[in-house]
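What follows is chain A paired twice: with chain B in the first complex and chain C in the second.
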Partner chain A sequence: MNAGMKTAANTALNSTAVRAAASARSNRDASAAWAFLAPTLLLVAVFMLGPVLFALFASTQKMDLIGGHSQWAGTKNLQYLLDDHKFWAACRNTLRYVLFVVPLQTVLALALACVLNGRVKFKRGFVTLLFLPTLTSSAAMTMIFMWLFNNNGLVTQFIQAHFGITIRFLSDPAWALPVIMLMNVFSTTPHFMIVFLAGLQNVPRNLYEAMELDGAGALARHWFISVPQLAPITFYVVTMGLIGCFQVFDQAFIMSGGDGGPEDSTLTFTLLIYHFAFKTYNTMGLACMLAVVLTIIIVCATSLLNRLVKSEGHNA
Partner chain B sequence: MTLAAWQVLPAEKNALQQAIASFTRSTGLTVKLEIIADKYMDVMRSRFAGRITPDVFYLDSHEAPILIRSGVLLPLDAYIGVPNDFYPQFLDAFRGADQQVYGLPKDYSTLALYINTGLLQKAGFSLADVPVDQGSLMDFARRLQAKLPRGVAAMILEKDLARHLAAIESYGQAVIDARGDARLVGNAGALTYLEAFVRGRKGGYVLSPKDDLGADSPGAAFGAGKTVMMMEGNWVLSALRQDYPEVRFVTREMPRINARANTMAFVVGYAVPRFAKNPQGGIRFAQFMTREAMKDWSRGSGTLPSRSGVQAELAATQDAALAAHIAGARYATVWSRGTSLPVLNTNFGNQFQAALNGSIPVAEALRRAQQASNREIERQR
Partner chain C sequence: MSVVALRSRRPGQRWASFGLHGFLIFYGLLTLTPFVWALLTSLKTVREIAVAESVLPVALNLDAYRQILGSEFSTWFYNSMSVALIVTLASVSANTLAGYALARMRFVGRGAVFRSLLLIIMVPAQVTMIPAFLIVARLGLADTHTALVLTSVVSIGSIFLMRQFFINFPTEIEEAAKLDGCTPLVTFLWIVLPMAAPALATQAIFIFMGVWNEFMKPLLYISSIDNYMLTQGLNAAAKQYEKSAAWNIIMAGSIVSIVPILILYIVLNKYFITLNDQTAGSK
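Up next is the complex of A and B:
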């Protein structure tokens, strides 16, 4: 064996050893990584993936959760659902809800954020005050709104005294949902306002300065710089608002005592799921089918939104 | 062993704790009392689904059929005891399709007519002027309203089917037929009965305690002097006596309908889950509470005993205002009609509210409630 060959063999040997050591280390790293991930993965598997899979299975069953009986129902649950006028009532209510609440809360949040982003005295004080509704529990807020809008409530009496009309806000189907919408706007707007405010503070100053030099007024600067620069934030706000609207439950639940009245006017998707799951006999499968349908609707609505609002923003 | 119960009034809780203590003295079994603060049945249903049940628990008569039909309760026929002096319709409320009894009634409430005598006199009427049948009573309410100050209603009304079931059925047509389908249409008497309320609300003499008067409950509206008459259960009595001691009132049996006495009864029983860890202990407790301890329980808690024998023993010491409620036990309709009732209840409430608002006629409300209910009942099969 000559020296050259020896060196080559050594090198080969060395490199195998290095590779083996490296692979051992990466194995060790991987198992350490798995060990660190395990608690979370376990939680996700038990409390998220498991229930999701179970719901998918249950949506094809006729299921009595209490007795633990179930039988194959195939797509019958879906047929029942499409045949059910309450499902369509929930669709109508949710659509009205989305069309009213999402634009209003987005525009309001943006407007408030822009005002607060300017030179305002007591800015922190205003932010704190405006943020309070978001911190209030929705149950407490619902109770307060019910006090304001019941037939002896402040708002009702004010309207009665000054305009001479009596509106039964809580028992009139035309008004019950708008009251909940108003409450939702009131409580979620501040949160989105903070999000917009954070976004506004990231918009480069020089853009405004350049446009100011060009002689543009405040409104033009807002419309041509702030709004497009905030597009990714707007996308986030609209998406979260949309999902929030589809999932509205507690306000409608408390306001109607759980039954979605008057005349199904406050019946939302989630309230209907609750009815199927806990109120009626043998309809757990229907509840799960509705949950699946709701998921599909949210996915569709969000991807549609994704196309309408470009999430990358203008200066990407 | 464990006992699950819903949130009860302080008097009832004390009585329950005393009963538990005497149960432990006589049997040596210790009882863990678990109070479920809110949405009792939702919690219980999820416990049944998870098979983590108490050994014995409170069960409302109208929730019983779903649990019985799901087959998760133990039959308790063997533990009814002798003599069987339970009011028969109360025991029937816990009977399954197999005729076995799955709950032992512990106590009950019935509706009665409460009249604020102070307000009545101020309006220039006496108790003798208050008619005893429903039709004339509504007419009286209209005349009474004209003499009342602003903000005081002649009568208040809850829209739920639980209040009106007995009245509707007193015309001979059951709201749930033998097949389990809802039947509200074709009951002319019931239509007239419900229409009178709609007219009453329109005329401002029959109001809703929550929507029109802004009160938390009918009892609160009555106590605050916002109404002269209300139809309520005996559960309001202790609050009226304690919180509104200055209000003078009398109770009367519910107005007659179709010339028949009628009222609703709400019965609560003890039931034992099939998956209980200690079912024998649960059964023993249910038996003890409905047999040996019923007299002490009723006296301590102020509830009405579900056995006529115990009632006879207690009669002398009971609040006079309870007499009208107790009289109702003999003819009361129990709020329980199989697994179809919760469905019908929701739809009736929803549609009758629409009728009360004047947006649809009562006949149309009943038609819609029946149609929607039957579609949903079909799904439960």
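Up next is the complex of A and C:
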């Protein structure tokens, strides 16, 4: 009896001790966790969260570069943007850019991935070689492309020699943007090719084998198996491509020397934001407004894409 | 019947394989051409380029490379290398700690922190770039490499990646360490970290590459020539050399700027592919 009481008391004691130890441990866990997160959270607060809030505030202000003088502007910034022909030029250029680059790089990346997924010799070598443009910095890539399409460049000379036409790619407003588009396709295709290739590795082999037994050709197999199976990855590739295209800056900046020329033909959204922020006076608020507008456009475009893909899925 | 069908398809298959290899070789050549053209140009003299008689250089002329090594180019190369290395080290540490905490440690607010980070990742860099510039200026960090480091350390994408990695990590080992009385930091440093080496390597490669190839950030933050990063310097130098049509020097500079990343890629080839596997799966 006595012994039983003792055991019961002991268990009770033990369980409180265990609980206390556990709560001490979870306290220690929690403080360790916050310590682990501290550097990240501090930097996020100062250089990301703060700036986002500031940008929202600044977009309603008339403000100079240092942010010292600012006055309430309300929606005047937006009004100014809609009246500015440069804004519409940037819209036009960016839209053309997206419509050309995104489909082309997606199809090309998918095709290359499908080919590399088959029985191909020197697979590793080909992947390494094709990846080269993705590794190269946008600055170096732009230099090389400028030299290819320069008046003395390889492409210009080739066209001149074989077709007898001289195209001044870099100074002709009709050609400057297409050169940048081509460069973008050239340097992002390999990246998305690798993404597709990784996705293809997860497609069950027996699907292909079954279809092969039914007598379907290689092209049909890819069209009816690879393409639908890769739908989620294609969605990722198109979304990332879209976001990247809306934000294009480096190539346009370097090629045009920073001004978006010739005749605003390479003026992109981000280049225009840069201009409002650093090149013209009292337009800091305008730059922030344009950045907010760009965000809204990107969010709308991606959610529209999401909706489209989902409805497609329901129909199928 | 089926044997006949198989036989009759063989020549077709051979042609298909021929076609596929042809397509790959064609695209491979297309990829290689700009780089070979750049390399050949860098070995020519300015006169040769102006005359443009032959594709190949007359002689192996290393003047362009010599000129580059003697200019500010080596300073920029050093700047890029040191900033990229520091950012890589700091960023991998911060991201891994954060990812581990979000995956494995229990605390109030964990879900909220993770969700907020995922929200912030969706804001394009254009929104934060101007206010971040103002903050950097206010902190007295304009035109310093510290500004580049501080604004590049956090990579929410990598935190996300590490969280996914640690979630799939076996729990038994950590629990055993905890029972042995290890503190969370000791457990993390001596038990978890060594097993995460491949994930750390993939992260490191892509962070290094990101800093090395970054153009917009240095353009905003760095203003004096001695502090330029390589990409920025390449652009500035090109503007100057373009006037004298010294494309050999511009191409030599471009080639030199590609080399470190290329070496990194060749040495750590397998990690490049792994990361892409994970990104494709997670997003």
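One rule holds in what follows: the second predicted complex is superposed on the first by the 278 of 316 C-alpha atoms of A that agree within 3 Å, B and C clash if a C-alpha of one lies under 4 Å from a C-alpha of the other, contacts with A are read in each partner's own complex, and residues count from 1 in each chain.
In this section, contacts are C-beta pairs under 8 Å (C-beta built on N, C-alpha and C of every residue); 3 or more make two chains touch, one makes a residue touch a chain.
The shown structure was predicted, so the numbers you read here are calculated from the model rather than taken from an experiment.
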_Under the superposition described at the top, does placing chain B and chain C together on chain A give a clash or a fit?_
clash
*asked:* Quick check on the superposed pair: does A:V107 touch chain B, chain C, both, or neither? Answer first, second, both or neither.
replied: neither
*asked:* For the overlaid complexes, name the partner, chain B or chain C, with more touching residues on chain A.
replied: C
*Does chain B (first) or chain C (second) touch A:L304, or do both, or does neither?*
neither
*Please work out whether A:I254 is in contact with chain B alone, chain C alone, both, or neither, and reply first, second, both or neither.*
second
*Which of the two partners, first being chain B and second being chain C, lies in contact with A:L82: first, second, both, or neither?*
neither
*Counting only touches as set out at the top, which of chain B and chain C does A:N282 meet: first, second, both, neither?*
first
*Touch check for A:A220: first (chain B), second (chain C), both, or neither?*
neither
*Pick one for A:A210: touches chain B only (first), chain C only (second), both, or neither.*
neither
_First (chain B), second (chain C), both or neither touched by A:L95_ = neither
*chain B versus chain C as contact partner of A:L294, first or second or both or neither*: second
*Which listed stretch of chain C (115-123, 187-195 or 241-249) steric-clashes with chain B in the superposition?*
241-249
*Indicate the residue numbers of chain A shared between its chain B interface and its chain C interface, in ascending order.*
66-67, 150, 152, 278
*Give every residue of chain A touching chain C within the complex, in rising order.*
25-26, 28-30, 32-34, 36-37, 39-41, 43-44, 46-52, 54-55, 58, 66-67, 111-112, 115-116, 118-121, 126-133, 135-140, 143-148, 150, 152, 154, 157, 186, 190-191, 194-195, 198-199, 201, 215, 217-218, 233, 236, 240, 243, 246-247, 249-250, 253-254, 257, 269-270, 273, 277-278, 284, 287-288, 291-292, 294-295, 298-299
_Touching residues on chain A, where the partner in the complex is chain B_ = 64-69, 80, 83-86, 150-153, 168, 170-173, 259-264, 275, 278-283, 286
*Please give the residue numbers of chain B that touch chain A in the complex, ascending.*
41-42, 45-46, 48-49, 51, 66-67, 69-72, 208, 210-214, 339, 342-343, 346, 349-351, 353-354, 356-357, 359, 372, 375-376, 379-381
*chain A-touching residues of chain C, taken from the complex the two chains share*: 5, 12-13, 16-17, 20-21, 23-24, 27-28, 31-35, 37-38, 41, 49-50, 52, 55, 94-95, 97-98, 100-102, 105-108, 110, 113, 117, 120, 122-135, 137, 150-151, 153-154, 156, 159, 178, 183-185, 188, 209, 212-213, 215-216, 219-220, 230-232, 234-235, 238-239, 245, 247, 250-251, 253-255, 257-258, 261-262, 265-266, 269, 272-273, 276-277, 279-281, 283
